[in-house]
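Per-chain numbering from 1; labels A, B, C and D assigned in written order.
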Amino acid sequence: MKYAYYPGCSLESGSAAYDVSVRAVMQCLGAQLDELDDWNCCGATEYFTQHELVALSVIARNLALVDKQYDQLVAPCAACFLNLKKTDKLMADDPKLKAHVNEALGAGGLSYKPGTVRVRHLLDVLYTDIGENKLRQMTKRPLAGLRIAPYYGCQVVRPLNGFDNTEYPMKMDELFTWLGAEVVDYPVKAHCCGGHMTQISEPQAFELIRRLLQSAQDYKADVIVCICPMCQLNLDAYQSRVNSEFDKSFNLPVLFLTQLVGIALGLDWKKVGIGKEIVSAEPVLRQRLLSGAGA
Amino acid sequence: MSSASGAATAAGTKPKLAIYWAASCGGCEISILGIDTKILDVAAAFELVMCPCIMDGKVRDIEQLEDGAIAVCLFNGSIRNSEQEYMAQLLRRKSKVLVAFGSCAHEGCIPGLANLHDKQAIFENSYQETESTENPQRVRPQTATTVPEGTLHLPVFYDTVRTLDQTVDVDYYLPGCPPESPKIWEAIQAIVAGNLPPKGTVIGSDTTVCDDCKRIRNVKKVKQFKRTWEIIPDPEICLLEQGLLCCGIATRAGCGALCPQVNSPCIGCYGPNNDVHDFGARLMSAVASVIDADNPKDINAIISQGIPDPVGTFYRFGLAGSLLRRSKRPAGSDGGH
Amino acid sequence: MAEKVGVYVCHCGSNIAGKVNVEEVAKWAGENLQDVAVSRDYKFMCSSLGQKMIEDDIRGEGLTRVVVAACSPHLHEKTFRRACTNAGLNPYLLDMTNIREHCSWVHRDMDSATLKAKSLVSAAVSRVKFQEPLEPTYVDVNPATLVIGGGIAGLQATLELADAGYHVYLVERSPSIGGHMAQFDKTFPTLDCSACILTPKMSEAGQHENVTLLTYSEIESVKGSVGNFEVKVRKKARRVDYDACTGCGICIEKCPRKVVDTEFEAGLGFRKAIYTPFPQAVPRVPVIDADSCIWFQRQKCRACEKLCPTDAIKFDQEDETLTLNVGNIILATGWKPFECRDIPQYGYGRLANVYTSLEFERLCNAAGPTNGKIVLRDGKTEPQSVAIIHCVGSRDVRHNEYCSGICCMASLKFGHLVLEKTKANVYSFYIDMRTNQKGYEEFYQRLLEEGMHFVRGKVSEITDAARMPNEQGKLIIQCEDTLMGRQRRIPVDMVVLMGALEPQSDAKEMGLKCGISCSMQGFFTERHPKLDPVATMTDGIFVAGACQGPKDIPASVAQGAAAAARVQGMITKGKVMVEPVVAKINEEACSGCRICNNICPYNAIEYDAERGVSHIITALCKGCGTCVSACPASVISGAHFSDQQIDAEIEGVLWDVIRPKSAVVSAN
Amino acid sequence: MSQTNFEPKIVGFLCNWCSYRAADLAGIARITHAPNVRIVRVMCSGRVDPTFVLKALSLGADGVMIAGCHPGECHYVDQNYKAMRRYHLLKHTLHAMGVEPDRVRLVWASAAEGQQLAEAIDGLVADVKKLGPLGWSQNWEENGERLHALEEIINEHAEAMEVHA
């Protein structure tokens, strides 16, 4: 198994824990991830509101950069995944747009034929390509006793994701049961985390965050697991603000998918970035997974 | 045009037999020799007036015969140049009975596959592109060359190979590449006895190779077509059911199912059965009907993977004689007029 | 032996003559087409004078073939065939070509329409010369009828036929007849008690001298054709002697094994391992469910056997296959409910108090698991508010695009029952309210007056994630109210999902067995959606009820009766004509390659292993011609659509581009 | 023939139950469409032998339409699937023979789809117009060299022929 790898900006900065754990987990599972040379930002949601063609061209550049030897490009960030996948699809559906984008790419000596690169989200790769058998086999430290609330966010569940129910996704739930965890089937797992609303209107954003934390807590989750850096940031970094705004005392660690997969595979906690989160996960992980012995 | 000597006329003058080859490989002549000592009976019954393969005959001698003077002409080979066309016309005029002998004359055979290209492409390949060719001056065959003694002519090479009956009127057909010797002998006997079927008949069986094939046949469903090198087929079971595109289902019987007997699929050299206008189309229709897939994607995957060369598969022997006769020539190519 | 062809070009008033130069076409055909002896045009060929013209020419001019260029053969082929027959010409020596629907009505320009008409006439003249006289055959109709499915549609059909004096075999796969209707409490809009109107019909069918009831039985295969079908039915082992059992019910009472009843009680109640689905079941003979019976699982117990007063329990009973001979078949196989788990955001299976409509029927039913009390899953709490969600899996491109037809009315019925039996508020979440049958709209008005709340909008989510204090512990319906133009969250205690009506999961398989087709959605296809709604494309096979499309009880009953009437017509006629358009194998030339063997969906092609040839059972052949074009040796011929006829038609239709053979053989 | 007034000749093989009735319906509903498709009725699209298509093309048709009931809705249960398989194999072969793919088309139309069938006819006609005439038999013609060469041979041999002809 060999994939081109598109980390995206967040994984280089605030969400470094996601990047290190992705690399560590995939290596451990024997899947080769080769980082795309000279990739650029996917533009997140902002570019699209400014100028769609520019946004699509900027994204398409990444697709054009994928070397012939790779037919699949993996993105761990839900927003990057959506943007890349969307661009591929829009170019395939609209020949005029394809021509425009390729004209833009041409300035840099590049071009992209839609359909040549299959864009995959990391969750899909773990679930489908690695699969249940291998994950069960490779599990060294089952997550038994840990109550996990998988949080999908809103980007990965768009209709073209191609691997999970778009209204009520379940793939991460299933994946964690393979690893022995107790999965919390809570109702808001695909609701919005507020995204960039924290920069625009705090009350709105905090209410959205509160609902997620509240539901996870109501369902007695120990930890929330994300597949999107934005979600993780909002739930983790704003948790104390939400607590003070709403007079709450949430204390829910928010980790990335691959951090817990890494732990189940027996990787060193530090190697999968445990400790980089703001609401510390160590206490609950220790309590649930270890009977005293350090990691 | 007069009443020349027929097969059963007065003693003393034996009826005349001509055997001619146009665009062919010579295999048909070998197959005639395959009738073994019976060749002496043929010699006793006929006066052989022409057979370029084994005797020195002059066109002029034929030209000087009266029209219809030859009782039977066995004409093998397809028509690919002007000389062959001339000889076809000449032998037609001089023969009472003209038999398209063998697959080339009957339906074009292997030479007919050249109809996937035209003259220019064939010359380019033969006189230029092949590895062993060195031709820096780009010399091409010329139809007329002037020498001190006068002008020398070479036949004009055609764009399209034609069957005998696309060129002249044909009385009978003897299928096969080559026709099997026993079948030749049967035909000759029928001619000698004057026991001839209606004009236009293909002399042979009216069933297909499956009739002679001993393999066990079942209901057919094909999920994947395989090339012969991909599997070692079970010797007991129908080859088509094992995924090999055996043409025996559509091919006239007469060979005794030689190829399937030795674990090799029939390639269709005996041509179509009676009432089939286009061997390839019929075979396609039959084979496609039993493809085991119900959506275009799967169907196309099975087809493109298993049948990479459809013309070579369905029209190996019959392209020139088929309804379309050849591939479409590129626009502006030198045709017509 | 040249044929003498008569060509008749119809004006159809100005319908054809307005766009096609009819006179010119007739004149041209007479002058240019080979073997045309007579060529005429006439105002209305289908009129009695027009027909007479043809008849006179056949007699007077000795025509051997007739071509009529007029409207679609689907309209008047029979008319002109009759004219030929009247004049002593075999009707299959006629060819009709369509220069109205396919030509004058759809082309703008007179010249091009005239040219096309000429081509079509040329094709017909060319083809008709190769047509052969054919004789239709007649077969006797077996007066016995098979009805498949014992729901209300099948019951109605069964009783209509049985009352008319004909024998009916009623095959039902579950242990009792009655179908879904037996599960219901009330029926809309009249609120009759469902059991009260259904059970008399059930017992009538059970006791009728003309009805053979085969419950707990499945159709294995259907062979033959209209008039004479041979049907194999597998009677599954009941493990109870049908004749010895008196239906006393002691076995059921004493059976120690209780299991969740996922069928009749929709998972809300229990039944025993030996059971009848419900007390009024017909027949009252129970069945032993081997999957839950202690004896079959652990080789212990046999309590029922010990206690049965008539020794009717037969643990060693096995499946039995019966062969039925019938003349006609009515399919009334009904529907299955949509799997509500396929819309996970509605929470069915995850949120306890989300119900399916069938579950709710059982909840309301006085004979149901709660004795008709509407309570939550805890079995005691009465809901204070109930939401009824319409179009769950219907009118939804992700599931079924069609409208299930009955859910609006069933929702109103549920609303009424909740309002009648509880103090709860009832909300209906609908896309459009569809109440277009007798008494339906009035029922809707009644519910508006009774105070049911209607919210127009598609529900996006049902969740237990509360945001407000009043949402705590409730199920919150999140939806867009399209009349108010805003998002709403309505907290309720109970939700009823009105799942779509879907075709039975084995409908396609059943269709294949009977040789009929299904629509894209999987419902059986009727012969004509308006004018022939209960017949199918296969003669002798009829459909009734929801297997043809979602239907309420009145419509199902109407169809059951209609199908029975059609069958009676067949029986009364006594004989059916079999079209002679069939395929035939020249067995002399057949090599037995067996390509054609699995091509026929009617199993009309048999392989004779001894002779190494295939042959066609004429009675089963429907004349599609697929085997004709599949035969690699061209030894199958198709009557009335032979290679020769179609070849000639192709040559004829291209008359203006064909180059003479000489031109392409030796010229240039 | 110039492209602008080129009117393609197309042969349409329509099944009796769905597509032929769709064409009837187009008529009843007066849905005008191009007059270039000349209809040959067969009982089922499964009756369409690839031979018919080749025959039409070789005789001078510029295009061919095969129309049947929608997959799953065949009057003869599933015979249109056989038509589908044959069509794809035929297209594969026609491609190898250099026939443009747009000239031969398989179309599904239910008896209720007069509009769709009319659109399909217009679409095919427009596409074939773009491609221009097919004129298949012209493919078989040799250039003037052939006749000249034959004359040469005949002249050269005339003396011998005259003696006994």
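Assume a residue touches a chain if its C-beta (ideal position, glycine included) is under 8 Å from a C-beta of that chain, and two chains touch if they have at least 3 such contacts.
Please read these numbers as outputs of a predicted model, since none were measured by experiment.
For the chain pairs A-C and C-D, which is connected through the larger number of C-beta pairs in contact?
C-D
Counting only Cα atoms for the centres, state how far subunit C is from subunit D in Å.
The separation of the two C-alpha centroids amounts to 36 Å.
For subunit A versus subunit C, what separation do you get between their C-alpha means, in angstrom?
From the centre of subunit A to the centre of subunit C is 48 Å.
Between subunit B and subunit D, what's the gap in Å when you average each chain's C-alpha atoms?
Result: the chain centres lie 28 Å from each other.
What is the distance in Å between the mean C-alpha positions of subunit B and subunit C?
From the centre of subunit B to the centre of subunit C is 53 Å.
In subunit C, what residues contact two or more other chains?
Correct list: 599, 626, 629-630, 643, 647, 668.
Residues of subunit B touching 2+ other chains?
Within subunit B, the residues that touch at least two other chains are 276-277, 282, 285, 287, 289, 336-337.
All pairs of touching chains?
Final set of chain pairs in contact is A-C, B-C, B-D, C-D.
Provide the residue numbers of subunit C that touch subunit B in the complex, in ascending order.
588-595, 597-599, 612, 626, 629-635, 643, 647, 665-666, 668
Under the stated contact criterion, what part of subunit B meets subunit C in this complex?
Against subunit C, the touching part of subunit B is residues 166-168, 206-211, 217-221, 238, 240, 248-250, 253, 272-277, 282-283, 285-287, 289-290, 336-337.
Under the definition above, what is the set of subunit C residues touching subunit A in their complex?
By the definition above, subunit C touches subunit A via 343-345, 347, 350, 461, 463-465, 467.
Would you pull the subunit D residues touching subunit C in the complex into a rising list?
7, 9, 11, 17, 20-21, 23-28, 30-33, 35, 38-44, 46-49, 51-52, 55-56, 59-61, 70, 72-79, 82-83, 86, 112, 118, 137, 140-142, 146-147
Which stretch or stretches of subunit A touch subunit C in the complex?
165, 167-168, 170, 185-188, 191, 211, 214-215, 218
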